[in-house]
Structures are given as structure tokens and as C-alpha cells.
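One chain, chain A, links the two complexes that follow: it is found with chain B in the first and with chain C in the second.
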Partner chain A sequence: MTVYVAPVKDLMFVLEEVAGLDEVAALPGCEEVGIELVSAVLEEASRLAEEVIAPLNKISDQQGATCANYEVKTSPGFKDAYKQFADGGWIGLTCDPEFGGQGLPHLLSIPVGEIWNSACTAFALCPMLTSGAIEALSHHASDDLKARYLPKMISGEWTGTMNLTEPNAGSDLAAVRTRAVPANDGSNAYLISGTKIFITYGEHDYTDNIIHLVLARLPDAPAGVKGISLFVVPKFLLNSDGSAGARNDAKCVSIEHKMGIHGSPTAVMAFGEETGAVGHLVGEANRGLEYMFTMMNNARLSVGLEGVGIAERAYQQTLSYAMERIQGRVAGREGTLPIAYHPDVRRMLMSMRSQTEAMRALVLVAAASLDKAARCADAGERKRHQARIDLLIPVAKGWCSEQANEIAYTAVQVHGGMGYIEETGVAQYQRDARITTIYEGTTGIQANDLMGRKVARDGGAAANALILEMVATAVQAQGVTELTSMGDGLAGGVADLKAATDWIVENYVSNTASTLLGSVHYLKLFGTVAGAWLLVRSSIAAQARLVAGNGDAAFCRQKIGTTRFYIDQVLPLTASLLLMLKRGTSSLDAADLALS
Partner chain B sequence: MTVYVAPVKDLMFVLEEVAGLDEVAALPGCEEVGIELVSAVLEEASRLAEEVIAPLNKISDQQGATCANYEVKTSPGFKDAYKQFADGGWIGLTCDPEFGGQGLPHLLSIPVGEIWNSACTAFALCPMLTSGAIEALSHHASDDLKARYLPKMISGEWTGTMNLTEPNAGSDLAAVRTRAVPANDGSNAYLISGTKIFITYGEHDYTDNIIHLVLARLPDAPAGVKGISLFVVPKFLLNSDGSAGARNDAKCVSIEHKMGIHGSPTAVMAFGEETGAVGHLVGEANRGLEYMFTMMNNARLSVGLEGVGIAERAYQQTLSYAMERIQGRVAGREGTLPIAYHPDVRRMLMSMRSQTEAMRALVLVAAASLDKAARCADAGERKRHQARIDLLIPVAKGWCSEQANEIAYTAVQVHGGMGYIEETGVAQYQRDARITTIYEGTTGIQANDLMGRKVARDGGAAANALILEMVATAVQAQGVTELTSMGDGLAGGVADLKAATDWIVENYVSNTASTLLGSVHYLKLFGTVAGAWLLVRSSIAAQARLVAGNGDAAFCRQKIGTTRFYIDQVLPLTASLLLMLKRGTSSLDAADLALS
Partner chain C sequence: MSMKILVPIKRVVDYNVKIRVKADNSAVELDNVKMSMNPFDEIAVEEAVRLKEAGVAVEVVVVTCGIAAAQDILRSALALGADRAILVEVDVAQSETLQPLAVAKLLKALVGQEQPGLVICGKQAIDDDANQTGQMLAALQGWPQATFASKVVIADGKATVTREVDGGLETLAVTLPAVISTDLRLNEPRYATLPNIMKAKKKPLNILTAASLGVDVAPRLITRSVNEPPKRTAGIRVGDVAQLVDKLKNEPKII
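And now, the complex of A and B:
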């Protein structure tokens, strides 16, 4: 029932036809990244995911991580799977070759990441957090710190964590209270004390050491966001030869009992309960939050990717069930057919499928922008791509995570009563997906970021540049006989996005609060239209392949059918979202009246 | 955190101003049902719910029912709470006084039922199923069976169950295989054998006996739906004095491990594994499914009501959290304010609140129709109200259960990371709510019923009669200065409902499958507009009270604010739903292409 088959063919199609693999391969340092390499890497990842990791997913839900005496025991099979994962070199895929990484682009690591997340999201979280810690150290730490930590983190010998949240500092990190004071022992060390919560893989039994990155305040730090510094705090202090030595005063006091991702230990970390946790400053004092933000785009994209991974797995299992389960006669068809043929079930299956494909395309296109923003030779080009990625990230994170929840919900629905029974395994997808709209910034945080910083601040410039590309795609589709109506549909959706964007630019400054009331509507509208845009692009490519007689005709026709369904059944949501957005002022008045 | 306060004032307001308590009080047999009685009953129910049942909700999630050796141990406190519940006479509220019931109308039992469901849905399920069994026996059993079973079921001394589903007969009960053969022992008994699944409270430790109603086939029964009979099969056979005697061959072999409602034991029942389970035919042979359908409306309304109950409780807890939790500065406001003031959080809170109030009104209006259809002196009136209730039931069940899931999802979202931690208690609402769109007929089943049997079959007559009432409400609101814009909004929504209804009537017969593809869209459109209609009616009443200086002015203003919010932020969904509905044909083509 829970067999997972990595969608390599679909991934390759999007990489080649939508995300611009050839353009990324033309970037400095990406000379090796051809179709052969990418396809070989995806096949290799699929093997590990399908054979080793995916079978652990349900077990990890039923036998989650446990904590006793400050130690965490991970789910059955996780430790061994982690070793295989690390030995395969998967952690360092995008990392600096100077420290043992493979220097590959995000356009390769992101599709690989989808595969890990489909196989087991709870398992995939440890390498994801380690990557975040590696990235923070790579960009901001001293050469000495880099040399001591990066090679072992990139090889997977040690893992990394991100310690941001505190009981009173969640969405608002300005409220961080954890303290750091100079050790005054002749070293340049600091002593950290405070409690951090929601620390993913803050403790586990995989490795000899765990490297915590911790936000804390120095004694003389200014209040608010500009007084937070970043420290590296290892679980075991490093000996002079770089090996793990004495235990540091940083421990996991408990792990959370969560709705899902039971295999991922979510730690409450106590720093400095005894002598103070020894840490070293990363980069300059008081710039910790700024450093966090430089890696936020990757982390948020990774959470959007979790959504894609869970959605794909949920769809696979649901399609398989719906093609086996027989129940009742099917309207408009003869004979005994499985429930997949009931029109309402067909609608649910196609919603899941078309949304998943749209989400995947969006995340991969964002990954390509990340690579271009980092690697383009021309500074202007880098800047242009950075604006694009800054715009797309809140959409990719917020929209994909919300859609993943809807898709997992639909997976349970198609299963009927069986979906509510935990043994079936689909309820787990709904419970696992539930966190994705919350961590790394809730959907509301993403939406406010999109509306305020990414659209209103530049007067809609980055958004309108993207909208122009969408219009061009619609025009292109309208010019292809077989795709005219999907081009028309896309044009309508883009017009709604344009109207919403103009409305925000016009109203945000003068009516910030009432404009923000509809920020999530705008985020969903943006995601829905962006998804349509990319599906239409994939259908243009599929149609071209069909005409050229190049490739698998059935596969290409399926792509076109999927896009048509999305245009008919998903895209029309923009009409309502635009209406709701524009009623912000009267809605806020009404809310104030009702909640008074 | 999980304190529950029954919304008696809100319930009374809807009963008096929207659901027509005075009209129901004027029905034969309802002479006692005045405001004083109803309000006293609601207060009494509130006490039991708030003090005894609500505190068990979280415990029952953490320590669900367990099963060993064919016996079920219910959650801590449930058995004692059940005794208080039965002793209070709550089970027989609407039952026939001849057998110990109180003969009260559904318009009283339904608001009381909301309170039980808010307090603890898993607990409320046992009396709900017992009521279903009582109703089936009351309508269809012989006088002898009634006399032997009804008094003890109505008093709560024994409970009842409904045994319909089998592994291969869920939505399609025509596939039932459980067999019944004459006992041939000189009695009129039958021996039942077969396996039933998903049997709510199929076994428990509350009472001395459990009365199972079981669907099974007689040896000579025709195939399909017209060959299924209904049997009463007690756990313990009845002695000649009516007391529970020898153990019957009907046992619970296991209970399910479910996503939610852990306190409700969901049994796999084995009938006749040894000698055959002794049962008696209810009514005539081969009419079992027909008998089930006569009580389906009540059962489905009860599930819609579960949705209302869970939604109300989730809203209460979420509002309380959002008014305490402080995080970040609020756009457009000065000072330190809790997150309830963030525009996006305000939107979420008001969505929860306004939808819950709309759902409550719909369920109560449906309850009044149930009473009128059963009790009106005039046969024509009864028929008219029966058509109304037949139309409203799939909407009340399908829409309220879907909305409850959305509301519980939003409850988790407002709580952020804390919402994902089980101890907080809001994740339970999402898990508990998840079953409501599935049992007693999935949302797809409700939607197909609505579109095919309730709208297309009579050429839209019942729907158009309701739409005319909605139009009248819109016109009435448009005539009140303070409510003009909500009247306009309602008129727009009703126009969409009318357009959708006309489209269905025009297309259903000629294009059944592609019309059914959008059945859930139509159900949601219908529910959304019906909710708006009833909220506008409540606002017209609130405005009249304000003008008359009659009643709590702040309360009335809150009602108006809630309606305005719904009109702005919920009702606009109809635009998209109508578009999606009308694209059924091209969507089905696209789905067939993509899934080929």
C-alpha cells in the first residue's frame, strides 16, 4: 500500500522543459550538470529512497523518537538509514568542494530533496537542518570555525541544528532572550544560557556530535532585532585535533508529542543550566538575525518542497487505492469499475495530481532562480534573479504547504472510512503535512512578507516583471491550436493576479492593516496563477514533443490533460480570492465590530 | 485552555429569531416548548456538558477505548459520565412518551446535541447511535419488539448500534453479504452470520446489554438493494421477563486505531462465528435499506451537528489563545496587543466564527423542518416541509462537516507551533473533525444525492422554492439602511446559486457524469449561500432589536459584524464554485486524458 516510486520521468521533464536545466548548466561551476548527470543522480537517490527510507515512514509514525535522560532514541531503522545517506554523499550535494561538498546547483538538490521528503519527511528533516547550519557557517563563520566544523558536517559525520525559537519568541524573533557572555578565560569563547524550543533533531543517536547554531543576546546588545548574535555551540566541545571531546552544557530536556512527523525529534534545549554552554560567535556581533535571513530563502523553499514530497506520496497511494477499490456503479459507464471512475473521485484525484505537478514546477523554477542569483557572471543578472527568488520564496513556501495539506486531506477523503484508520497510512500524510504551514514562518508570515516586502516595497516591479512572462506564456499557448483554451484560461488568471497586484500597490501604504487582512488570499492567488503558468509552459513543451514525434506520446498527452484540468478546476479560484482581497477595509471593520 | 462554555445565548437567539421556535411551539404535541422550557433545558445541558463531559475530552484522546478478549474498556470517566447522562433523561428527549421518552421536538434536541458534541464528540456518539436505533425500532418494529427494547434503550439502561458497513460494502450497501437464516426452532428468530466493520460503540462497558441493529440478507432475497433486511440482535438474549440473559453469538473482535475520536470504540463485529447470532426481523423482509433511509436524515443531520460542535469548541479555544498570546507589533495599531489583532489572525478568527454561526443556523433551521415535516396537522404542509428537509440534509451534513474541518485546521494555524503539539488540544479537533466528512455518507455521496435526487429529479422545484425565500431575505435587507450592502451581497450569492441550479436541471440528465464531477462544488455553493441567507436573517433580527432597544446592544452589533464579515470573506467563494461547476464536461475529458 505504501510503496513509493520516485517520479523521475516527471522530474526530468520539468527540469528540462520548464525549469531550464540547460540554462543552469551554462552557469559558472555547473559545467558537469547535463541531463545524464542529473538523471543518474535522481536514479541513485530513487534507489536509496525507495528501498531504504520509504519503508521506514510508517514505522517512524508508529514508533516515533523517544527521549530519556537527555538522550534521544530515533525510530527503528533511522540510524542505519542515516549512515547510508551520509555515506552516499547526499548531505554535501550543494556544498563547497573546498570542504568536501560536491558544489552542485540547487536545481539538482531540490528534486533530490523531493524524493527524500516523499520517502519520509521525518527522516529528511535532519539533513535539511544540517544543510541550513552548513550554509550559515559557510557564509558567515571565520575560516577557523569553517575548517573545524564544515568538513565533518558536510560528510555527515556530525549533524547541525538551528536554535531560534523560544517560548516567547516564535514569529517575533526580536523577543529572543537567550544570553551569551564572554567566557573571560583567555579564549574567544562565550557562555550561552537560555531555553530554546521546537529544535528539530536537537538531539539524536545518529552521530558523535551535534552542532547547534544558537541565536542569543550579548550583554551590551541593543534591544530588538539588531541585538541578536549567532553562536555555534557543539554538543561535545572540540579537542585541539578537531575531534569531539568534553560534553558541553547544552542538553535536550524533552521532546514534543506532536500531531505528526513523529520520527523527527523536536527538542526542548537547555543551554547553560550548569556552567554555561561554550559557544563561538559566528561572524560579527548583533548580526545574527541578518545572517539567518540570508539562509531563510533556502529553508523556506525546503519546506515548500516538503509539501511537494508529501503531496506526491499521498497521490501515489490514493491513486493506487482508487484503482483497486470497487464500490457502486459509475455514472456514465458500463461494467464494474473501481472508484477512480466515479466523477467526484476523478475530480479529487485530478485535483491532487494537477496541484502536485504545479507545486513541483514552482519549486524547481525557484531553485533555478536561486542558482542564477548565486552564480550568474553578470551582477545585474544576479540582482534580477535575486529579486525573482525573493518574490517566489514566500509563494513557494506558503502556497505549496497549504496545498499539501489540502491534498493530504483529499487523500484521506478518497480512502473513505479506511482513510481514518491509521494502519492505512494516509492519515499520516495529513498529520505530517500539518506542520509545513507553520514552521519556517507561518502562511500568514509568508503572505505578509510577500505583500509588504516583496510587492508593495518595490511598487510591484518584481511582480509585474513576472506577470509579463506569464502573459507571454498565455499568448504563446493561445497561438497553438490545441492549447488555445488553456491559454485563454491562463490569461484570465493572470489578469486577476495583475489586478490584485495593482490594488496592493495602490492601497498598502495608506491602508496597511486592511490590505494585510487579505494577504493570504493574495499569496494563494499568486501561487494558483504561478502554478497555471508553469503547467501551461509544460503543456506547450509536451505539445511540441507530440508534434515532433519526440518522446513518449502518452506521457505528453497526460501532461496536457493535467494542465487542462487545473485550468478548469483549480485556476477559477482566483475570481473569489480577488473579491475577498479587495474587501479588506469593510472586512476589518466588520471584524472589529464582531470581536469588540 | 480547554474550558468550554456552552453558547446558550447564541443558540437561543438563533432558535427565536431564525429557526422559528414559535412556529415549532405551535405544532401539535409541542405546546410546552416555550422560550422558558428551551432555555431551562439548554442551561441544564450546559451544566452537565461543562462540568462533567468537557473535562473528559482530552483524556479520551490520550487514553482512548481499548479492547481485549472481546471486551472494551472505555476512556477514564466515560462510564460515570454516561450514567449521569442517562439518569438526566437526555437520551429520550425526542422519543415517544409511551416508552418513556419526552416527546420533545428536534428543535430542542439539536441545540442540546451541539453542546454534547462540543463537550466531547467521542462521548456524544454513543447516545447518537442509540437514538438512531431507537428511531429505527420505533418506526418499523413490531409492538412486541418495541415493548421489549424501547423502554430500556430510551432510559439509557441499554445502548444501541447500527451495523451497516462491511469490508466490501461501504458507500454501496447493496453489496452487503451478512446472512440471516430462519432458526427453525419453533421461534420466529433468525441466525445471523457475517462481519460488520466501523461499528460505533459496538462494544463498551457502560451497560448490561447492547442492542445491535444489523443489515443482512435472507436466503431467498433478491440481489442488490431490495434484498436486504433489518434485524435486531442483542448482545445478551432477552429472558422472558425482558431482562438480559444468555450471551448471544455477537462479539467485538477488535477496535480500530483511528486518527481521532479515540474515545469512541469503533468495533469490528463478528456475528455468528459459533452457533449463529440470534436476531429478530424488524418490520418486513427485504425492506431493511428502505428502513435505514427513513432515519438517514436524522443521522446525517447529527453528523452535520458534530461539525458545528467541534467548530464552536475550536473557535472558543482559539479566540482565548489569540487574546492572550503576544507576538510582534500589530500593523495599524499602537502598543502591545495580542495576536488576535494582527489582520491575518483576525481574518482567521472571524472566518471560524462566522462560518460556525452560519453552520449552526443551518442545522437549526433543518431541525425545525424535521419537526414540521413530522408534526404539521396539514398533509400538504408536511409534504412541503419534507421536501425542504430532504433538500437541506445533504447540505447540512456535507457542508457543515467540510467547514468543521477547515475551522479546526484554522484553529491549529492560529496556534502556530503550539497547535502542532498534542498537549495544546487543538490538533485533536482537527483529527476528530476528520471523520465527519466520511461517515453517514461521504461528502461526495451527499453531493451526488443533492444534485441528483434532490435537485435534478424534481426539476429544481424544491431548490427554487428555497431560493425564492433567500431572494426575499436579500430584498428585505436591502430595504434596511444599515444592512443594504449585506443584502446586495446576499443577492449576488443567491444569483450564483440560482444559476448553478438552473445549469444542473438543464444538464444532469443529458450529461450525468460530467455534471456530477462538480457535485461537491454545488454542495459547497449551496451551503455557503444558505449560510449567508441565515446570517442575514439573524442580522435583520439583530437590527430590529437594536432599533427597538430590545436586548443586548453589543450582542446585536456583534451579530451584524459577523454577518458582514461572512458576506465579504466567505460568500465570494460562490463565484469560483460556479465557474468550476460549469466546466464539468471539459474537466472530465481532461481527467480521462490525464488518467488514461
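And now, the complex of A and C:
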């Protein structure tokens, strides 16, 4: 049994000192978002997560969801926990108040989301997918569809799913084959038929109805990505009073046996095997993929956040074990000591901790950009923040999920032989984290997006704007006596990022393939430097608090120590990543030779 | 019935935090320590809110005596369903020496102002475990009291209270107005919902001072020194049952 304690102190610190809570609170519609409210919300989310959800994590790994006769039984305790979660109003946190939401910014939903994910990622996925479906309907559906579906999805009475993937349409959605034909029954309904796979919470026992959003092709649709439309297909058709009525022809035929997140039912959905699944078009025909992409930023940030959540939980459990497990003698110390005192174990613990804190800061800063891009009064400001968030999303998704895997790996390593034993409960993190580098776009997809669309396309403008801010932080740290060396370290890392960015801008168009060979190197370089930048900013704020005698001195010293470790032991990777990136042409030749 | 319920609550070191003593042994360390509502008081708030939901009461007023930061627990109580809050604000130095008798006097003054039909408080606060304030308030006010409640039924101007006592359960009927203090098993407090946390921000929170209530909060007791409990020393292994019995019978202070 592992105890989870939400890192509210660090979340509050980063929100206030790094992510700019005050700036977000000054945005239109965010007037309520003061420190007291944020703190009250995080505290209450922590209670629910620690007391109700976290205890289910291990059980759900051992007794995952099961499927029989088109029905899914969720893991023990999930249904009750979902009811408490929905009754708590948590699904509606960022949703439109007109339909029962609270209209709060992402800068609040993201830290709360970290807490749900640490407590139990498999549980957190259902509300995450519902939020995505709510967002798609909010932005693109007709007023009639919104009125029929949104209030019950926002209250959690019904859940939502996203049906994109098909057996032959994974990363390439242009290959979607699911068909939609007009019902021709006098209504404006369509009949949907086809098979969708990897549908998270496509079926479950939580609620009376499940609202599927489905990508499908109309009969006259153009080929490729511009011929895909979005439909809303409820499990139970809606009666005229809005309640759930007759069973729709949309069934879960099986669920997958997965490496991790066993508590999350991953459905194979069969639409229209009998009469055709009744659905309604969302927005305009043939614009489905475009609609999906409007919420892709949020979805990808949410997966990066899963990485942060799993990493934090893995660190907590590992630290606690390392402080209890007494083994061997430590050079320079008397007697036997907990393994946490062995230098190599200290290195592993700090590698986990410093990267987790850097990842947390990155997703929170990205969340603030999301809010500013959506809510700034000035159009120019909105555009500037949109460019920033577009740049940060592949980094936050790709880097945080990759590092979560490394951190979960290290968690098992610190546990030694016990880590390899399932009973210990730490192997679960490694298995659960594994999916995060794959779904919502693999690391390779993120890296290609970063390099091609986000850096090369604008000639490095958005990247260079961010790099300038990083340089300013490095200079600021160099000017603080206690932080000079970390400022120097950051400056070195930023120089590598700048060199890599310039190299991409120079080479991408003329030499696309060999540049793309190193795209994941660039993504990791970017993430590693961005993490350093935000940790140094945290340390500058921590040092200022120490000088002012304001706040928790022990916490501030720990933040500075964590940053120093990261600068010493994580950031130097940038030199080799830069080198590997630049060897793209020769490496591509080598690969062609070897794979021929 | 248009009864109002007053619920006094206290901000204490969170029950998950390991208590540390200040280096100068003057008090428990509170700097940068997570603080929350006393768990017994949460049960009191929950009971009052349930009585309101059941139509027995019309208003739930929460009050705390403490520093400005104690507003956070008042907001928590408002998020659980209390209607309005009162902070009797004292400065940091006063808060460190605020004792049950002074709090009971402040509450008596508030009872005079608010005229509640019932006061429900936690049986004790988990910081000093004094278990005195409710009883003192009842005595000062001349009201009946029913402490350590595990069940409360209000009907016909009376509270029928089941109490957890050493020998089992005891049931008392007290005429209202009265003071009830809550035990652990009275109820299980709910989680605040997000909409209610938002609404709590807008509920009235009135700030008063001890002076405005005409109460002298100067301490009547002096704390000489605060110390960690002594460390447990190693035990000894007995050879057989006879030796164990012998030690139990003959060694001083072993039981």
C-alpha cells in the first residue's frame, strides 16, 4: 500500500512564482482565481485524490476492467469513486458556466489534473476523455446538440469518448474508413458503420449513457484528411425530453489486454453492425479532423501531464523505500544506513526529483500560455501566446512522457530486486508510463511536429523568442551571487538549444530527411533546456524569498539544491544531443547502408 | 422551526503533519506547517449542515478565534455548506496564548449576539487536546451540555444525544438551547464540491475583534516548557512465562 501526498506546496510555488498565476488571474473571466481560491481547490482535490482515488491505483492494476456480452465491469471501487468525483463537480472545472461548468482557467485544471493522474492514471483517463469530448462539442456543435449533451457531460452524469483510430488508421487518420450515410428518415440523423479501436472508456459501468464522438466519411467526401467528418453517437439514443432512450447500434465488442493502465477499459467499438449507429453531424461536413486538432493541444498537454503525475507518484514511493531500506555500508559513515545515503542512490533519487519538478513547471507554464492564447483581450497578445503554446505542446508532451518513462525505470532500479516483484507496486509505474510516449501522437510525431511545423516553418521565430527569455533568465541568475554557477550552466544549455535551432532552420528545407533523423534529439534537447530554464527561474524566486525571509526557508533551499543538481547532472546532455542532431546526414547514410 | 446553529471551529496543525517542538521549547513549531480545520470540528460542521438539509435548522454560522490566516478554515466550512462565517481576529502573540476559557468567553459574547438555538463544537482540538471549550461555554451560558455525541436527534425543543462513554453508550435528552460536542463516529464529513468551493468565496465572512466583544483574552495559564515525549527505550526479553509473571507482579511501574 503506497501513500500519495499531493505536492501542493510545490504546485503553489510554481503557480505563483513561475507560471504567473497573477497574470492569468488578470485575464478576462479569471477574476476569481486568487491564491486563496487556487489553494482551496488544490487542497480539496488532494483530499479526494489521497483518500478516495489513490488507494484504488494498485487494485486497478491487479484487477483491471473486464468485458463480457458487450458490457464492461470497471475495477473494484472505480464506480463509487467516479460518483464522488462527478458529484464533486470536478469534470466541469474549465467548462462553460452556461452549461453548468465553473469556467476556470487551464492553469487550475492542469495542477488538479496532475493530482488525479498521480492518484490513479487509469481512473483519471475517463474524465480526461470526457473533457476532450465536451471541448469538441462546445467549439463546434450546434446549439441544439450542445443543449442536449453538454449539461449532462459536464455534470458527469454521462461520459464522453473520442473515436479516431481504426485498425488501418493510426497515426495517419487520412486512412479512416468508417462510413456515415444520411438516415433519410426525415430527421437530420446519419447512420454510422465501421470499427474503431483503442477507444478509452468506450464502455464502462459508471453512467447511464456514453457519448461517442466518431470520425467517419460521408458518401461524397473527398479522399484524405479533408473528407473526414465528426459525429456524435450516443450509446443510448436521446428521448425527446433529453433522457437516455433506446439502445443505439454502437457496441463494445472487446477490450484490449494492455501492458499498463489496466483499470482503463480500452474498447474495440463496432458501429452499425445491425441497423447502423444513429449519429448527428458536429459542425460542418468534412471538417472533422480540423475540429479534432483544435483540441489536440489540450489533449497532448494532458498526456504530458500524465507523465508528470506518474513521475511524482513513483518518486514519492521510491524516496520512502530508499529511506526505509537499510542495506550496506556507506563510504565515510558509521554503521548501516538506509540506501538513500548511498551516493548512487542519491543520484537516482535526485534525477527523479529534479526532472519531475522541471516537467511540472513546464506543463504549468504551457497551461498559462493556453489561457492567455484563449483569453487575452488584445488580439496580438493572443497570437503571440498561441505561437508559444504551439511550440511548447510537442515539447511538453514528448519530453515529459519520455522522462516519465526514465523516472519510472529509475524507480524500479532504486527498489532493486523488490522493484521487479509486482507486489511492491513500483513496476506498475513503468508499465503505466509506457503508453504516454505512444498515444495522442508518439514521441516521433511530436518531434516531427516540433521540428517541421513549429520551428522550421516560421524560421525559428517562436523558438528564438523563447530562447531570448531563457537567456534573460540565465543573465539574471548570473547576477545573483548564490546562483552564478547555475546561471552559467543554463547559459551553456541555451547556447546548445540556439545552435540546434539555427541548424534546423538552415537545413530543414534543403535536407529534410537527415534533419528529421535527429528530431527526437532536438525535442529532448529542447525539453531538457526548458526544464533547466524553469528550475532556474524557480531558484531565483526561492533565493529572493530566502533573502526577504518570506515563506518556507527549507522549501526554498531544497528548490535551489534541486536546480543545482539538474544543472550539474541532467543539463549537460544537451552537448551530445546537439552533436547527434548535427550528424543526421551521415547517420541517415549509415542507416540506409545497414537497412538496405 | 427557525433554529440557527453556531459551530465554533479551530485551525490546527494538519493531522498528517509530524509535530515538532520549537528550538527554544516555548511551543510547537507552526512556521511553514500545513494547517487545517480540527477534524472533530469538521464533524461538527457536517452535523450542522445535515440538520439544515433536514430542515431542522435554517442557518449555520461558523466561527473561529485566531489570526487572519484562519479565514482559510472558515472558507472550508462555508464550502461544506455553512452559510456565513465570523472570525474573531487576534494577533499572532495572542493566538499563541489563546486558552479555552478566553475562547469560551468570546463564544458566549457571540452567542449573545447571534442567539443560536444550538452550538455544536468538536469535543476537543487535536493540537492541545484540552477538551474544555464546549463545556466552559455551556457553564458560562448556563445551558445544558451533551458532550462526545455519536448521534444527535432534534425534536420538540430537545436534543436527544447518544454519547460515547467509557462503559458504552449513554443517551441524554437536553432542552434547547444547548451545547453539543462531537465525537469521531457522529458522521463522516463530506468532500467539498468544486461549485461549493467557488460559492464559499462569495458567502459573508465577518471579522470582529476580542475588544469589540468586550472580552479580555489574556492567558490564565502559563506554559513553562514544551518538550518532545521521551524516546521509548529498548525492552528486555524474558526467559519464560514464570519470569514474565514475576516481573508483572513485582517490578514497580511495569503495568
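What we mean here is this: the second predicted complex is superposed on the first by the 595 of 596 C-alpha atoms of A that agree within 3 Å, B and C clash if a C-alpha of one lies under 4 Å from a C-alpha of the other, contacts with A are read in each partner's own complex, and residues count from 1 in each chain.
Heads up, the rule we're going with is that a residue touches a chain if its C-beta (ideal position, glycine included) is under 8 Å from a C-beta of that chain, and two chains touch if they have at least 3 such contacts.
Keep in mind it's a predicted model, so treat the numbers as computed, not measured.
S.K.: Would you sort A:554 into first (chain B), second (chain C), both or neither based on which partner it touches?
M.R.: both
S.K.: Could you look at A:152 and tell me whether it touches chain B, chain C, both or neither (first, second, both, neither)?
M.R.: In the superposition, A:152 contacts neither chain B nor chain C.
S.K.: May I ask you to decide whether A:545 touches chain B, chain C, both, or neither, giving the answer as first, second, both or neither?
M.R.: Once the two structures are laid over each other on A, A:545 reaches no partner at all.
S.K.: Based on the superposed arrangement, let me know which partner A:580 touches: chain B (first), chain C (second), both, or neither?
M.R.: The first partner, chain B, only.
S.K.: Applying the touch criterion given at the start, work out whether A:92 contacts chain B, chain C, both or neither, answering first, second, both or neither.
M.R.: A:92 sits against chain C, while chain B stays out of touch.
S.K.: In the overlay, work out which of chain B or chain C sits against more residues of chain A.
M.R.: Touched residues of chain A are more numerous for B.
S.K.: Is A:372 in contact with chain B, with chain C, with both, or with neither (first, second, both, neither)?
M.R.: Neither partner.
S.K.: Considering only the touch criterion stated at the top, classify A:44 as touching first (chain B), second (chain C), both, or neither.
M.R.: Only chain C is touched by A:44; chain B is not.
S.K.: For A:106, decide between first (touching chain B), second (touching chain C), both and neither.
M.R.: neither
S.K.: Once the shared chain is lined up, is A:217 touching chain B (first), chain C (second), both, or neither of them?
M.R.: A:217 contacts neither chain B nor chain C.
S.K.: Would you mind listing the overlap between the chain B footprint and the chain C footprint on chain A?
M.R.: The overlap between the chain B and chain C interfaces on chain A comprises residues 554.
S.K.: Which residues of chain B touch chain A in the complex?
M.R.: Going by the criterion above, the answer is residues 165, 168, 170-172, 174-175, 197-198, 256-260, 326-328, 330-333, 340, 342-350, 353-354, 405, 409, 412-413, 416-417, 419-423, 427, 430-431, 434-435, 437-439, 442-444, 447-448, 485, 512-514, 516-520, 554, 557-558, 560-562, 564-565, 568-569, 572-577, 579-580, 583-584, 586-596.
S.K.: Looking at the complex, which residues from chain C come into contact with chain A?
M.R.: Its residues touching chain A are 16, 31-32, 36, 71-72, 75-76, 79, 191-198, 200-201.
S.K.: Can you tell me which positions in chain A touch chain C when the two form their complex?
M.R.: Result: residues 5, 32, 36-37, 39-41, 43-44, 47-48, 52, 84, 87-90, 92-93, 102, 551-555 of chain A touch chain C.
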